[in-house]
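The two complexes that follow have subunit A in common; it is paired with subunit B in the first and with subunit C in the second.
Moving on, here comes the complex of A and B:
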């Protein structure tokens, strides 16, 4: 078996391994631990420079309740949901269809179109900042959730198409042919044969896109401003007011904002991992 | 009426021409088997009949209708794929009824047809299972069941048994044969297993490199092959081929101690060197002689195959039914009825028929 299981290594190796693991884990999680710790401190700790010591008072409930009841956080969270969920649905639905067309049909220009979908992913999105903003402004979609959703869908569909097309290519083509011989219409083949078999891919992609979009900060601040459209990633900076940075509230807000993607991941974990390794083992 | 007629059918993939002008007539209700070595175009030809592959040239008729450009669904055919192609997310029942359901057949009618097919194929107990919970033979039966429920005029099979183990293959072979008798439909069956071809076929089509080598009844091809390729392909073990020479109306076979066989009739003029074909079944070991070395002796229970090497370095297989081994490494001879000899042209492989 490779690698050799750690239980069969020498004692020295085992000890090094066992002590390095927690160390690496702490290093890895340090930023998260810091944020979690900050979120239960009073603001006074930050002004007095007590970042890492024992909190001068334990403010878990006050901080979190202020995030929920005294700030715009709930609105920002709702905005995030209203932006992320339609984007996930839109991008996944579109890419199922584009993936089916590119994966199943051998038409002239198939590869060219596919390459264009892929090429879109290689454009650094920062250089699109100004034109995209101008576009949304002239379309009357600046500072609206709809504008952000449409834009995200357009941008994510390239990657999603790559993912879906490759997944569909790996399905046995004989299934499609069998259905064709049986006189099943093409769109029914898509709906009744291909779509059910794509469930793992859909789950994986949904989690992935959900996380991407939920965590998006760049486009959120480029295309929106203010609590009526901004998602939580951008909204959190509202705690940085002109005169004071409320680190404790920002930390609490960050923790709250991180929960949905994590929850999504755990809910879909089984499908997600199955989807990512699909095709690797067969 | 659902015979199948191919008229000088061609197929190319880009520049590669795969099927060259195939003409073929399959009668209504006939069991026709395509055999040939790997890559000869059997599957391609079958897929063209199914409509899954475009025809480059020529015409295809099914049941008297020109279907050359017709969609697969409208050809009145059903196809069983080598990989079975069962829908993994549907139960056996749903798999078999899917085509009908998609074409708007009422539910109770589907249920009746599925039940009938399941009974014919002994699948009744398995109707609720998913394909992944079935054995290879059961999956194969479901795939056939899916073809049956649609009641097609023509069944197309592409190596349906090649994924099964030997025992199951024999069982399914019998099953398919029974099915053909029960349904009376036209069946076209692709295989590279010549035993399947011999046992199932009313008509065998031997293909090589996209061309038909010979068409005929199984025993006709076995007894009277038109060329060395068909002679070697049909029959197991394969026909033995030895070098020979015609001289003064006599056939000389150097490999068998320069055996001289007087020919009953005259060979066509101008032929000197020939290929001599001898079936292993027509040869008999002659233990009193010793011109051949026994390289290997295989006992298969009822029959034994002895692999012999001649002094000229050619090889020879002999089939015998007696149980006592020829000792490996020993020396033997062979004897045979001279009328069993078949002669072929050494270059083209075409059969040389002796005119009286």
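Moving on, here comes the complex of A and C:
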């Protein structure tokens, strides 16, 4: 193990280390802690300039309930869910198939198609912006959740295919050979042999795509406007102009907007990190 | 057998072609027009050849954006050593270390919009915590996002926060897989500290470093959300980058110049293409090596 395990060092080093970690963590999360502290203060503290002293009253419930009941925030959150969940399902479904095709079969153009998916996944969004917006407008899908979902599915298929293909390549190929010898149809091999083995990959991709799509901002402002279809990342700017300079409410609002992906991460941590670090170890 | 792969590929390839591959080609085409985005390009657009690209050469805002992209690219790479440093710091097995690792990592799952807001409040001249700390130590408060010479660095620092977390998790995973025998062998050769890190550990972390490079470079060139949220390109356009300037030219109140915007996007695309081709080349090499 590197560096040397702390248990093998002197007692003094161990104590220093143990007390250094929480300090480092507080420093690391300082900007976020500041926001959390703002979100429980009353407005009066800001007008009187009491930003960091003891709050004159404890307004956690008032502030957060105003986010939920006095603004469009719940609608934006719902939109985010209705955009994110179908995208996750769509992108995972498509990439199970593309990953299977590229991982299992040998045919001309296999590598080329694979490289196309990877390359496409890295391009700047702006090179797609004008044509995709045009396409969405002419399909009558501008400012709809469906318009965003379709684009997200298509774009995420690039990353998901990379992920799925590499995962399938690592599966024991003998299993598929055996099924073929038995005369099992190709789609049955996909459905009954490979798909059950892909469960961990599907779980990892689902949580990753969930956070990616939930956090998207660029496409939200390019393809939608207003509370009808906009997800919470775009809605938060409208929220902030509704409560301009009311830092206690703006803070509470952005914490609410951040909760779903954070909760997803903490609940599905193992899958999330497995997905994110795929390829980081040979 | 021969049609099966085609059928499995069809839906994915079709979606990807319609929304990614074809739009790239279309953007190149649109960049040769002067078009406000209304009506059909073939009817309303005026063909101008390379004039949009000529205009870029004399556009001060384009030059500023390009320079800011360079700053992003160079400074964003600091996330890699910083991530490695934190990973080394946390690579222990003391009680509760797993929770610490998660808490160090979780800024990465916040959206860039939230990170942007959190940091713009952190930087506030009056209400911000940063200036509260600075003035506690007796210095003058600074208005980072209001100062054209500092604003870009302020945004990059905010961007480094989640990016460092990402690099950290890559390295933590990599460190977990470091071969203990090699480390012990290194210790027997009396390799310690820096020498051990450089000659024994880092070579084994190569795959993690490669991914960290890829995601950091792509992330740097994709920066948009935080600029939009924190400064909206200001003050005086000093924090624009190509991705943001393109959006301004094509879709904001500054005008609907789809052709000019597309020309900017093409330049950004070509810059990224250099890196993308390098990444692909490395991946193909690795794949060939692992097959033999």
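Everything that follows uses one rule, which is that the second predicted complex is superposed on the first by the 245 of 282 C-alpha atoms of A that agree within 3 Å, B and C clash if a C-alpha of one lies under 4 Å from a C-alpha of the other, contacts with A are read in each partner's own complex, and residues count from 1 in each chain.
Keep this in mind: a residue touches a chain if its C-beta (ideal position, glycine included) is under 8 Å from a C-beta of that chain, and two chains touch if they have at least 3 such contacts.
Bear in mind that the values here come from a model prediction, so they are computed numbers and not experimental data.
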item	value
Simultaneous placement of subunit C and subunit B on subunit A, clash or fit	fit
Touching partner for A:60 - first (subunit B), second (subunit C), both, neither	neither
Contacts of A:188 with subunit B and subunit C, given as first, second, both or neither	first
Which superposed partner A:178 touches (first subunit B, second subunit C, both, neither)	first
Touched partner set for A:26, first subunit B, second subunit C, both or neither	neither
Partner chain in contact with A:259 - subunit B first, subunit C second, else both or neither	neither
Which of subunit B and subunit C A:196 touches, first, second, both or neither	first
Broader residue contact with subunit A after superposition on the shared chain, subunit B or subunit C	C
Minimum distance between Cα atoms of subunit B and subunit C in the superposition (Å)	9
Footprint overlap on subunit A, where subunit B in one structure and subunit C in the other make contact	none
Subunit A contact footprint on subunit B (complex, rising order)	50-52, 71-74, 77-79, 81-83, 85, 87-89, 98-99, 102-103, 146, 150
Contact footprint of subunit C on subunit A as seen in their complex	1-3, 5-7, 14, 17-18, 21, 24-25, 28-32, 34-35, 38, 46, 49, 51-52, 94-95, 97-98, 100-102, 104-105, 107, 110-111, 113, 115-120, 122-135, 150-151, 153-155, 157-158, 161, 186-187, 190, 211, 214-218, 221-222, 233, 236-237, 240, 247, 250-251, 254, 257-258, 261-262, 264-266, 269, 272-273, 276-277, 279-282
Subunit A residues within the subunit B interface of the complex	172, 174-175, 177-185, 188, 192-193, 196-197
Touching residues on subunit C, where the partner in the complex is subunit A	1-2, 4-6, 8-9, 11-13, 15-16, 18-24, 26-27, 30, 37, 88-94, 97, 100, 102-107, 109-114, 117-119, 121-122, 126-129, 132, 161, 166, 169-170, 173-178, 180, 183, 196-197, 200-201, 207-208, 211, 214, 218, 221-222, 224-225, 228-229, 242-243, 246-247, 250-251, 258, 261-262, 264-266, 268-269, 272, 275-276, 279-280, 283-284, 290
